[in-house]
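After this come two complexes, each holding subunit A, first together with subunit B and then together with subunit C.
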Partner chain A sequence: AALKGGLRFQVSAALKEGHVTPTELCQRCLSLIKSTKFLNAYITVAEETALKQAEESEKRYRRGQPLGVLDGIPIAVKDNFNTAGIETTCASNMLKGYISPYNATVVQKLLDQGAVLLGKTNLDEFAMGSGSTDGVFGPVRNPWSYSRQYKEKSVPKSCSEDEESNWVITGGSSGGSAAAVSSFTCFAALGSDTGGSTRNPAAHCGVVGLKPTYGLISRHGLIPLVNSMDVPGILTRCVDDAAVVLGSLAGHDPKDSTTIQDNFKPFELPNLTDVSKLSIGIPKEYHAPGLSSEILALWSKAADLFKNAGAKVVEVSLPHTRYSIVCYHVLCTAEVASNMARFDGLEYGHRSDMNKSTESMYAATRREGFNEVVRGRILSGNYFLLKQNYENYFIKAQKVRRLIANDFVKVFGSGVDILLTPTTLSDALPYMEFIKEDNRTRSAQDDVLTQAANMAGLPAINVPTGLSERGLPVGLQFIGRSFQEKQLLTVAKWFEKQVKFPMIQLEVKRHYHGAFQHQKSAFFS
Partner chain B sequence: WVPVVGLEIHAQISSNSKLFSGSQVQFAAAPNSLVSFFDASLPGTLPVLNRRCVEAAVMTGLALNCSINKRSLFDRKHYFYADLPAGYQITQQRVPIAVNGSLSYSLCIDNKMSQMVTKTVRIKQIQLEQDSGKSLHDDTRNQTLVDLNRAGRLGLFSCFSPPFCPDMCCGEEAAAAVRELQLILQTLGSSQAVMAEGQLRVDANVSVHHPGEHYGVRTEVKNINSLRFLAKAVDYEIQRQIEELENGGTILNETRAFDSKLGCTVPMRDKEGKQDYRFMPEPNLPPLILYDAKSLPANMNHQQVVNVDWIHERLPDLPSVKRAKLVERYGILPEHSFTLLNEDGLTEFFENVVKQTQMKPKKVIGWILNDLLSYLKQHSLIVKESPVSSFLLADLLNLLEKKEISSTAAKQVLAELWKGEGKTPFEIVKEKKLELIQDQKELEQICQAVIDGQENEVMAIKAGNQKVLNKLIGLVQRETQGRSNPVLVKQLLEKKLSE
Partner chain C sequence: QKATVEVLDHLEHLALVDFRDAEGVERLQKAIQFAEQLHEVNTDGVEPMDSVLEDRCLYLREDDVTEGNCTNELLKNAREKVEEYFVAPPGNIPLPKLEERETFLQGS
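Now for the complex of A and B:
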């Protein structure tokens, strides 16, 4: 069966009609995970439980009673979501071996719909980073590093050198999830988004990355980075799929007091044909320093696309955009310092052997358990929260945050429906180049275009738009009004249809045997 | 020297589940048996506010004359300690739920409960906050054991008397104020407030200064487990500070623990020190919004929100009101009403006796407070455990009222009843032959016999010394083994002597 490793509606239909069984699907994904192990997208593969779930799903399909569109669909979950019985590490020594006794609400919802949980994906430690390079299990490799598109465009060197030193990063911090979706090992994945952590890797890996409105999806069970900005993120291969997953996750959770009370109605995306009533805003401040000329051109082309189709395209201003990074730095580190306080080695997780006193045990445990990035943010955060600094830093940052949020309110209030911006400053960097700067510098650079949406709690989505000169994906971002995901996704879907982003031509040269090669064509055509 | 006393009080809210998590609340449960994922601070868990705790806080705020903040906020207070699993406590530092209240309490001028004076102490604020777990330090094995049953349970914390208002100035006042607070909390049902069970914890802030000068440095005294120890600790600390200052020393702004065995305060191992708690808003809890009749949106019913006016209408009678009602209804003295309310179940007992006897409440109260209560105290019993029920006591008092026995005899009967052998007063009276002699002739004969046997005394009485008559009455009583009515005996003797 020619399963386009893409449209879930097709996969779902195939399952329903018995063209393929959930077990077959699951097995294929598991074997693909094995053969793409070098991507390092997965920290834990839950083979046994996945197959069991697939079996259960199969029974349901045979009875003609599937739970829904997601029944039997293999998915992956970023390793900062709690999964009962399956290790949850946050890519940190602090939680190595930690087996949570409960499922995050979003995980539970997916399981309740019959989804098959393949495993936990790799990330930057505790979701701090923009490359998925700073976790204890090593960096994630962008599948596009192994695509024909990238190889054709890269400067020819000796074959082995190519792949070893030239591979590009996925972006972060949900790089594992993005890579998993991009390499066809699952049909959808959960990420998290605090400053762009879902949209950034989505852009670099050529997949759809949705950041929902803050408060729409429950954070219960998501190990927090910044409680006031975190959201669970959704990564899929097309916008329709994102809408389906959103529909199964959104809604009030009594266990999360920051979720909205209103009833959420899952929606199907209409096929928009007429964009003449749409007003697209182009925020001039998003022409940020360091934005590659390629992406600038692509952005411009996209604006023209809307204009030519009859939409109103206007330049707008979000004047406080340039303060968002420094504001984020203060608020993020402050919350990190607070949220990481619970990791003391007493109740769970890593505990140092140092036992001279409780204090020395705490200190040793936290030094051993956290990487430099985490420790650095904790120290900064505590500094900002000191009594003598609180007013000048934390309170100030909160006020600036209000200004940033108001920028959006004003613009949306002036008649603009959707904002169109780049997602990243450039295409994915080669790993060797990325690591030349430290995590903090990279984060500050890479979050510039995505961060403000988290400040304001707005929904935003990355849509893969085209390939760069180096043959790597570039995406564009749409930002919508609070809780107007339907409108946002509708526009994104229209755009997706227009740009016809090419499918990755993944060339997995090693670690495969004949049987797989035969399957390969079915997947990667 | 002017001592200044402030109190920090933590009261455990009486509720089925904890303040922010769904786990149960139960005294003396096995260690760590009532701990939810949130209480253990498992990563990814979030606090969810318990409505009952909010109601309890509002009730308490109203009862203490506070302004209720319709919008209050939650904060994180950070410090590291083994019994604080999250590394921070959720509290209300910026805007608590209730502020600026007052508590009136009464104090006896002397020890005899004959003169009571009313005092008022200001209440700075009431806030909802998480409780920590409990640490037990095992010094022999150099370990600390942590029980997280208590974690996440508490709410309520009222802070009395900020240092700059001299509302309380000695241990007795502090204890009386806390006692009154206990009664109020118990009446409201917002907390059981039993200190011994840790449901009410009191820390005292003490300082001294010369009149007219600045307030002195204050120390905090912790580890106070009862009202008695509270009074002792406060008084000791006041004394210690005065002595220290008079000897030219200085007072350190420190935390001290009360050692109940030695009756003194000692410096505590520095648990928190002068810490910066790095307060930060709690991002997972939206502002707490309370409504009143005016602000309640039309389509919401009181099941979904907390309506302050609704709670106000349903407040039960506070202790002060109850006491006033007792005084008015039964004609007892205010001091009596205090004692009645102070003992759990005593008011009920008293009222039951009154219902079942013809004796006037003013007389009944004496039997309750002097006889019953002292028996209970002697045997360390609470009212509920009394072997003498209100029915039995009423029965006994009826016998007395009907003049079938003397009051001395009644006391003897009570002593018998106390043994709890199941006999009725009537049976005991018969058994011990305690009935008053009703036969006048018999009494007259005995009186005559006594008169005949006491020539000297008779002469003294006839000479004008009336006091000696009491001796004769006493002798008659002895002859009759207490079964004569002294009033009647006196009449008979006087009649005979004047013949």
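Now for the complex of A and C:
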């Protein structure tokens, strides 16, 4: 059976029918991780525990009692989620060697469903960044850098030019998770999304990236960046799979009092055929400065797709869009300043040898443990929170936040069901180009289209749409109403079906410890 | 608007994080400049928003102990400990003043 790696109908069915066993699946993924090590997607590979989990799963399948669709499915988790007994580093020196004493709720939920945790994925240090280039373990490489599609379109400057210098970034900060899913080393991965950190790398890596409504999924155990905006993100290869994972994660958690108490019912996505009752909003402000003409064209094409299928497509306005990045900048750094205060070396994490006084030990620990991006945001945040600045910056930003959130309320209140926007301004940049600008500049540029959804707490999803002229993935974003994930995903699934995004044709040089060469899918012919 | 050396020094004290070099200071100055754009927005009569879930009540658990007894687990991650105590260097000693401590800001 030609399994293209879909959870809902394909791999799970294969496991159930015994065409493949959980341990085989796990071993193949582990082997693939080894042969794609150059992508640097994983920080920690939990080989032993994964194989044990796979064995347990296999026993359940043999008894005919799998726990559910996720039983035996290999998954990866971004390294800012606590995982009991497994190192959790946030790609920072501050937490190198930190072994979590507990599982984040979302991790526990996946394990309770029988999922097999392959390892922890790479990210920007403490999830601060939009490239997955600023972690202490080095940058993550976009698997598409090694795709036939990209290689065909790139013109080598000279015969001896190595593909080494041409590789493109994954986007961030959940780049490791996106790369892991994109390169078939796992079926689903957890990311986090505070300003676009799941959707951005999803767009660049050609995978589905879902940001759920704030309050739907527990943040307990997710090392916090911005408490009022952080959400766990879901990365998969198709929309149906995202719905499955969402179903296993959503719902009230007594350990996270910011999760809503409404009853959540997991859902299966209907196969939408009639979109005539749908109203799609196109926010004009998302035609942002710097938006590539390619993406603009794709966005336009998508709008036409809906129009031609009978949906109502209207231009709408979210007037405060252009201030959301500034607002985010102030609120984010302020919350970061507070959240990063816990890292002082006393109870966990890195501790400096300096022991003259508590304060000097804290200062030295933080000096040694944090990179310049993190330090920069802490200092900025503290600035905005100074007594003389509090009203003019922090409170002011909170007011602007309300205006941004209200923009969405007005538009959804006017009859629009879903908003359609680009996810990123361009396709993935080559690493050498990306690092020419600093982290703050890049984040400010790259988060423009994604972070308003975090301001307003709305659900949003990146759906891979097409390939750019350089042969790299481009995605489009759908933003939905609060807690209306079912509607959002239903529309996304319909759209995914229409665009038929091509599968990555991963090509890896022979001299890389070589499990595969010209294979479309990691698993099947 | 630019942050003065006094403010920078104050920030290093509050944040217990250092600017490290000219770039670090420049980064802050740029961040402040960037944030100025907020003042273009008219927010008269607008209430600050703390959370998008402001219309709901936060969930509060019953005040019952449901887990704990994990002292050993938690102590495992600490570098300096004695019996069941985390060990800290002496407290109540303020960070040295600008002139006396090792900071990039000294030259300013």
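Going forward, the second predicted complex is superposed on the first by the 498 of 525 C-alpha atoms of A that agree within 3 Å, B and C clash if a C-alpha of one lies under 4 Å from a C-alpha of the other, contacts with A are read in each partner's own complex, and residues count from 1 in each chain.
Methods note: a residue touches a chain if its C-beta (ideal position, glycine included) is under 8 Å from a C-beta of that chain, and two chains touch if they have at least 3 such contacts.
Predicted model, so just to flag it, every value in this text is computed and none were measured.
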Touched partner set for A:G221, first subunit B, second subunit C, both or neither: first
Partner chain(s) touched by A:A405 [first = subunit B, second = subunit C, both, neither]: second
First, second, both or neither for A:P464, with subunit B first and subunit C second: neither
Which of subunit B and subunit C A:Y390 touches, first, second, both or neither: first
In the superposition, subunit B vs subunit C on subunit A residues touched: C
Partner chain(s) touched by A:R367 [first = subunit B, second = subunit C, both, neither]: second
Touching partner for A:P139 - first (subunit B), second (subunit C), both, neither: neither
Which superposed partner A:G475 touches (first subunit B, second subunit C, both, neither): neither
Contacts of A:P422 with subunit B and subunit C, given as first, second, both or neither: neither
Which superposed partner A:R440 touches (first subunit B, second subunit C, both, neither): second
Residues of subunit A that lie at the interface with subunit B and also at the interface with subunit C: 101, 228, 254, 257-258, 337, 344, 346-348, 358-359, 362, 382, 386
Complex contact set, residues of subunit C against subunit A: 3, 7, 10-12, 14-20, 23-24, 27-28, 30-32, 34-35, 37-41, 43, 46-53, 56, 58-61, 70, 73-74, 76-80, 86, 88-91, 93-96
Touch list for subunit A against partner subunit B, complex: 81-82, 88, 90, 95, 100-102, 104, 219-224, 226-228, 254-258, 334-335, 337-338, 340-344, 346-348, 358-359, 362, 382, 385-387, 390, 394
List of subunit A residues in touch with subunit C within their complex: 98-99, 101, 214-215, 228, 252, 254, 257-261, 320, 323, 326-327, 329-330, 333, 337, 344-349, 351, 354-363, 366-367, 370, 372, 375-376, 378-380, 382-384, 386, 392-393, 395-403, 405, 438, 440, 444, 456-457, 482
Residue ranges of subunit B in contact with subunit A within the complex: 37, 40-49, 76, 78, 80, 82, 85-88, 144, 146, 276, 278-280, 283-286
